[in-house]
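We call the chains A, B, C and D, going by the order they appear; numbering starts again at 1 in every chain.
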Amino acid sequence: MGGRRIIYLLMIFAVAAPIIVGFSQRPSRLQSAERMYEVVESVRIEPGEVALVWLDFGPNTTAENEPQATVLLEHLFRRRIPVILLSQYQQSERFLESIPRKVAKRLEREMPGQHWRYGEAWINGGFRPGSGIFIQSMVSAPDLTKFLGRDVQGMPLTHYPNFASLGGVERVKLVGEITGLVGVFDNIIQFLQKDGYRPTIVHGCTSITIPEAYIFLDSGQLKGLLEGIAGAAWYSEVIKRAYPESDNKKLLVTNTSLGLAHLVLILLIVFGNVAPLMKKFRRGDG
Amino acid sequence: MVAQDVNDARKKLIRVFTFLGGIYFFLHFLLPESAVSYLGWRANHEAISNGFIVVGAMALGLGIFNIVRDHGARCVFKRSGWFNSLALLLGLSSMLFVTTGQWINGQKNSSDVRRVRLTGEFASRILSDAERPPQDRAVPPLSARITALLGHQRAQASAIEGEIAVSLGPDAPASAPMLIGEVKSKLDALDQDMSEIARVPWEALGPQQKALLERVAQNATKLASAYSLIKQANHSRTRIHKLYTFLYDGLFNQLGSAMFALLGVYIGAAAYRAFRVRSLESGLMMATAVLVMLGQISLGESQAARAGVSLQDIRQWLLEVPNSAAFRAIRLGAGVAGLMLAIRMWLSIESTSFSSRER
Amino acid sequence: MDSLGSLNLLTTVVGGIATLAIFSFLIKENAFYRFFEHLFLGIAAGLGPMLIVRDFLWPNILEPMLGLTVVRYPDGTVEQPYQPLYLLYLAPMLFGCLYYFIYSQRHAWLAKLVIGFTLGASGALTIRGFFSEAIPQITGSFKPLLVFVDGHLSLFESFSNMLFVATLLLVLNYFFFTFGREGSLQGRLAPLGRPLLMVCFGAFFGSTVMARLALLVERVQFIVGDWFAAVRFLLGVAY
Amino acid sequence: MSGLEHVTPGILCVLIFAGWLLYRELSRVKQGYVHFIRRIPGVDALESAVGRCAEQGRPVVFTTALTDVGPTLYACLGVLHSIARRVAQYKLKLLIPQYTPEAMALVEDTVRDAYREAGRSSSFDPESIKFLSSEQFAFASGYMGLMHREKAGAAFMFGAFAAEALVLAEAGQQVGARQVAASVSPEQVAFFICTCDYTLIGEELFGSSAYLSREPVQVATLAAQDRLKLLCLGFIVIGVLLATIQPWAPRVASIMPDRLLSSDWGAISW
């Protein structure tokens, strides 16, 4: 019983130490995240074209999904690509509101005099029920502005110049899906396409669903992937290369905490194997 | 023996209902698309599915009933732990009360905004009815409709003034003056349209009338959007909303996240205790787990770079090949078993458990 | 500070206490934990049914059934007349109420009618679900055992595919229950499935670890960052 | 690949075949044919765990966790039935924490039945079926508290599990309960293997119910599903072979079995 508590304490300590000290390490290089950066970087938009980002996560998976949403939006905002935010999951409503605002605020602090305003840089389309059925009808709609109708505040999209005349789904140059839920991502893969149009899809998933996401990365249905928090950490590192002012300290500290906890876990496995052997050995001696 | 007969009849009835429960979805799957459309199921599929969900949704009181019975008795008879049961019942009733209150408030808000928006919708409707008089229903004369429109807007204007007064209270948010300015300017614009409408003759629909109605429709929609922001701001200052935020963000979310976080700690204990290499099997499981873990952290990479092998690549291969194959086999096997059970369940091919024989 | 600011402060402080209460379980089951456990159960029990009413029953069923979705213009005309067909929903609603007979000794069989109905529906849905999931899985497994890249045999790719197919078949074989008496080929191959399964579970364990730890990191960040700051602020105000 | 909403001719054939298999096995079993059933080691662990509770006089806990009403729950109820019967015979206390109200009604029914079969209808206590919560982690916290307060001697976790699995299993570990788990969600099996005395994997959950009861209908279902699985296995083997010979014999390889399954009615000329 006592031993168990020591392990519990060790785990908490391993996680807390880097946070308290503010120690961070360069994250692990993940190919999938690097590919995703290049994909986002290569998106070229004409006026009236947009990116569509789905945030489909609740409080239970924010720890991984929020940093992913943050880095993706940061990159899109830096590149001045207008973003439509939508959700298929009710509990993510508060994140649709808070995450882009935080990103915009940080960028404005970093670059005084520049602005990222609601309605210009992004709009929040809110939660849309109906999942697969909704996406199917969105794809076949002749005009997205009309189809989406209003933003979450009830304002018609025609009110915002960047989103006033979108036209068909072909004007969506990039689709991002950040989720920790099963089935939600499948809706995007299966339904967000039509004859002659297959969007570039990038995906942020929790570590639990990484094995499943790999199948789609392999087949090319997915162009980039953020694997859990480690993926977000590497992505932020790649952004920093291009934009040295970018501040990703908190994310790197989190990632370092994770790395340290992983190591402690591996050490525990080793000890778990060595300790009984040692006992046997000592008994043999006596 | 009569009792036995009644029992048998009941069992038969249960079987019939079980079969009926499945027949719609089964036929929907079995019939080709054209037949489904012909039967009208395609158009009404959502409504029919909702009917099925309603049946299940009615069970929502079962849980509460069970909890109240269990913990209520404990409180009433002051059995051990009654204090905690009281906390539970308190949490339950306050959440029910606060969520209901918050919801009713929200409903009222949206119907208020809806009424403002109605001005615009009514204007568009008057316009479309005047241009293409409907065949299937009677419509009042144009001038009467315009009078109704003016009356409606007057009532809305005074409601909006009232709401603005509320939003200037002592604890008003910093954004309040801006929001109010927005609403006031939109309201002024609409008022101007309205006074113009009152001046213009409405015996027939001319280009001037048409333009006016179009403008009213647009301006009323803009007003409604601005108004909804004030409504929202006022709503978030109500006591019921604060209580809801406190219960939801301060307790429900935090307790849920804390429970989830325990997993991070427990994993340590599980790893220490159970990942012992006792056999080839446990050795394989441990080795795979360690390799995958090393592949996803930064420290793993720097070690690996020295050795000249990329742990990331090994991790990826492990996930793509052996992991996917075994995973697929498990899913497939469980799927087949589920299919057989589903057929059995639907057709009530029974032995024990559900509608059992009396012994 | 405005009232919303103090609400945030209160939410953070109480949230931290609740988190610590749950974590105190790591030391020992105790009264502090027990209190918050029960509070959690109560709040969740109150929220669940309300969400069903708020997000499903009311907007999809009750509101249209009561005619509240009918838009009535100021002159008394309506946008679209009331759909009396919505009243049909009364039937499944009443039928669903039979659930509550489960608590009656004499009429429990009435509850079985609705339970049976639900079982039947979920059975039929499972039949469809199986085929839409399993067929892509089966066809996705048709991997060539010999892979040629630019006309040359790729040993690594071929090995990967062979291992993939072998794992798939051996694990499927492991789950046969009524074949494979002692000595048959199936029986002799069956034990090979288990170690392959273990590789799969090891990989799952390894990658799941990150998600689990991430939430622990988030909680520790909340306590060390937000909560400490809030408590310090509160004490500063009090003194 | 497009989604599947209605049967294709190929799928219809498979569906009819599945129905025929079930019918054939049922009639064979009714005529007295005895199927061989492979021993499932975890099932013995079930019995010994209940026995140990009887020695120590500690309660038995059984949970189906997040399992919704459906085939998986149905299979779990088969296992619950035989455990409940044994518990009734030993006059032990049985606790069944619940997650979904709909499942609760079914569970109550099953346990009542089992007690009746054991001839102890009067000792069935409806309060043993406790609804905890329909929220994943509220359920987990309730379960943790319950295990500690009741000092459970054995815990059986059967059904569909998500992240809460490790919390449940660790709670059992902490009070020293003998634990057997069976999960249809492969993601959680690793954690069960680490914390439980025995873990049934995937389909073994479905097999165990038949193994325990030796009930004709259940055995017949098991036999029928094995045969259907054999068909799937055959499909895969043929598909792999055709894919492999593709470079040499493209014409032969074009008769892929996936075409048989996924071409729709339009592909057939009537």
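Miscellaneous remarks
Quick note on the criterion: contacts are C-beta pairs under 8 Å (C-beta built on N, C-alpha and C of every residue); 3 or more make two chains touch, one makes a residue touch a chain.
Given the structure is predicted, the values throughout are model-derived calculations rather than measurements.
Ranked by C-beta contact pairs, the top interface belongs to chains B-C.
Chain C has the C-alpha centroid lying closest to the overall centroid of all protein C-alpha atoms shown.
Chain B and chain D have centres, each the mean of its CA atoms, that are 30 Å apart. In this assembly, the C-alpha centroid of chain A lies 20 Å from the C-alpha centroid of chain C. If you average the CA atoms of chain C and of chain D, the two centres end up 18 Å from each other.
In this assembly, the C-alpha centroid of chain A lies 35 Å from the C-alpha centroid of chain D.
Those residues of chain A in touch with two or more other chains are numbered 4, 8, 11-12, 15, 60, 207-208, 210-211, 215, 228, 230, 258, 261-262, 265.
The set of chain C residues that touch two or more partner chains comprises 22, 25-26, 34, 37, 40-41, 43-45, 47-48, 99, 102, 112, 118-119, 122-123, 126-128, 134, 138, 140-141, 165, 168-169, 172, 175, 197, 200-205, 207-210, 212-218. Residue positions of chain B with contacts to 2 or more other chains are 28-29, 56, 59-63, 67, 81, 253, 255-257, 259-260, 262-265, 267, 269, 271, 273-275, 285-286, 289-290, 293, 296, 319-320, 323-324, 326-327, 330-333, 336, 338-339, 341-343, 345, 354. Note for the complex: chain C touches chain B at residues 2-4, 7, 10-12, 14-16, 18-19, 21-23, 25-26, 34-50, 52-54, 56-57, 60-61, 71, 73-77, 79, 88-89, 91-93, 95-97, 99-100, 102-103, 109, 112-114, 116-128, 130, 133-134, 137-138, 140-141, 160, 163-165, 167-169, 171-172, 175, 194-207, 209-210, 212-219, 222.
Against chain B, in their complex, chain D makes its touches with residues 5-7, 12, 18-19, 22, 26, 69-72, 74-75, 77-78, 81, 98, 101-102, 104-106, 109-110, 113, 116-117, 127, 129-131, 133-138, 140-141, 149, 163-164, 166-167, 170, 173, 184, 186, 190-191, 193-195, 201-203, 205-207, 213, 215-218, 221, 224-225, 228-229, 232, 264-265. Against chain C, in their complex, chain D makes its touches with residues 1, 3-4, 7, 11, 14-15, 35-38, 40, 68-71, 74, 101-102, 105-106, 108-109, 132-135, 137-138, 141-142, 144-145, 148-149, 163, 166, 186-187, 189-191, 193-194, 201-204, 207, 210-211, 219, 222-223, 226, 229-230, 232-233, 235-237, 239-240, 242-244, 246-247, 256-258, 261-262. Touching chain C in their complex are the following residues of chain A: 5, 8, 11-12, 15-16, 19-20, 60-64, 90, 180, 206-208, 210-211, 215, 228-230, 254, 257-258, 261-262, 265. Across the complex, chain D is touched by residues 28-33, 36, 56, 59-63, 66-67, 69-70, 81, 255-256, 259-260, 262-263, 266-267, 269-271, 273-275, 285, 289, 326-327, 330-334, 336-345, 349-354, 356, 359 of chain B.
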